[in-house]
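Below: the structure, in structure tokens.
Read from first to last, the chains carry the letters A, B and C; within each, the first residue is number 1.
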């Protein structure tokens, strides 16, 4: 049994979805494990990891609009607002989504469904440098 | 250290909760590992995996009603609607819940609490054939 | 490759956030693994595990208020109410957050970001004794 670790560095430019499925697949392929488990962990509290449809960009538009309405950027709603009106909503959206994802590796391939892409979901409006830790175990 | 993998095939008949704790427990028992970690991963973006109370069916009724109100099936709210009024709400409900669950195996048993059942949470109205990948590592 | 397991016992005194990052770090350090994966699993359906900012207590205040509004404790909204007005909202808040978290161990340390703390998010108003299973694999 072997373990491999890496960091995926992702620069974001405002709220929205940043797919990095290709980078994940390439790194996993390089490790040459046939059976295993990949875990992704984001080291931040104002951005998330999600898996969603990678075909129609309208899905991302609608997700952004939904979260914008569910968790409004209205400073009157929050006490924690020293970092701007998008900060507390970012924390809440992070709690409503995921900080971590684990995906099995089956016969040398990530077991993602045909329409599934892996995204960083950025909740802050200003550009950010994000780190996602990758951990792979298997053989 | 050993690894085992399987696919749980689950046919759904409309929105709601499909428990498959028994199938998971049976498969895990067959692998005869005493200590380990089970990971379940659903290969779809319009259905989820959740753990919830398995005693009172009213819990499922209330969960369905809550998600129905939180993410309404009103096409005017969404751009992505080519697959029907339940499609974009299904994607949003998927993001608000979980695509993956990991449960430790302790002394040969899944460490589920006494009231915890594992469910596929179907968000589409039409019947679907769903695949959940199971990955077990341990010894 | 080694595995270690433990139980974190956490007594709660009403709704809110109970950080146990220090207990997790101490236990992990005692296992002396340099590279691995820690999984935390809560054995309940009315409390959650989340990772959030550990600096400003206002973040927790705002999170509590948000979930209080999103999932109101109004018995008229629910059928499942035999255990009190906070019971069904607790189940819903559990589904909207997480039952499990996995965090890589990198160079002997949990890969948490500098502002990330691990919390039990209690959804019941009465005091509870909660169990979180810890599973560590690595070498």
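Assume a contact is a pair of C-beta atoms (placed from the backbone, for glycine too) under 8 Å apart; a residue touches a chain by one contact, two chains touch by 3 or more.
These figures come from a predicted structure and were not determined experimentally.
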- Message: Using the touch definition from the top, how many steps at minimum link chain B to chain C?
- Response: 1
- Query: chain A-chain B contact: same residues or different, taking over half shared as same?
  - Reply: different
- Query: Just how far, in Å, is the C-alpha centre of chain B from the one of chain A?
  - Reply: 20
- Task: Send over the residues of chain A in touch with two or more other chains.
- Result: 1, 70, 96, 98, 102, 137
- Query: For chain C, which residues count as touching chain B in their complex?
  - Reply: 1, 3, 5, 39, 41, 43-45, 70-71, 77-80, 82, 88, 91-92, 94-96, 98-100, 102, 131, 133, 135, 137
- Item | Complex contact set, residues of chain B against chain C | 1, 35-37, 50-53, 56, 58-59, 61-63, 65-66, 70, 96-98, 101-104, 106, 111-113, 115-116, 137-139
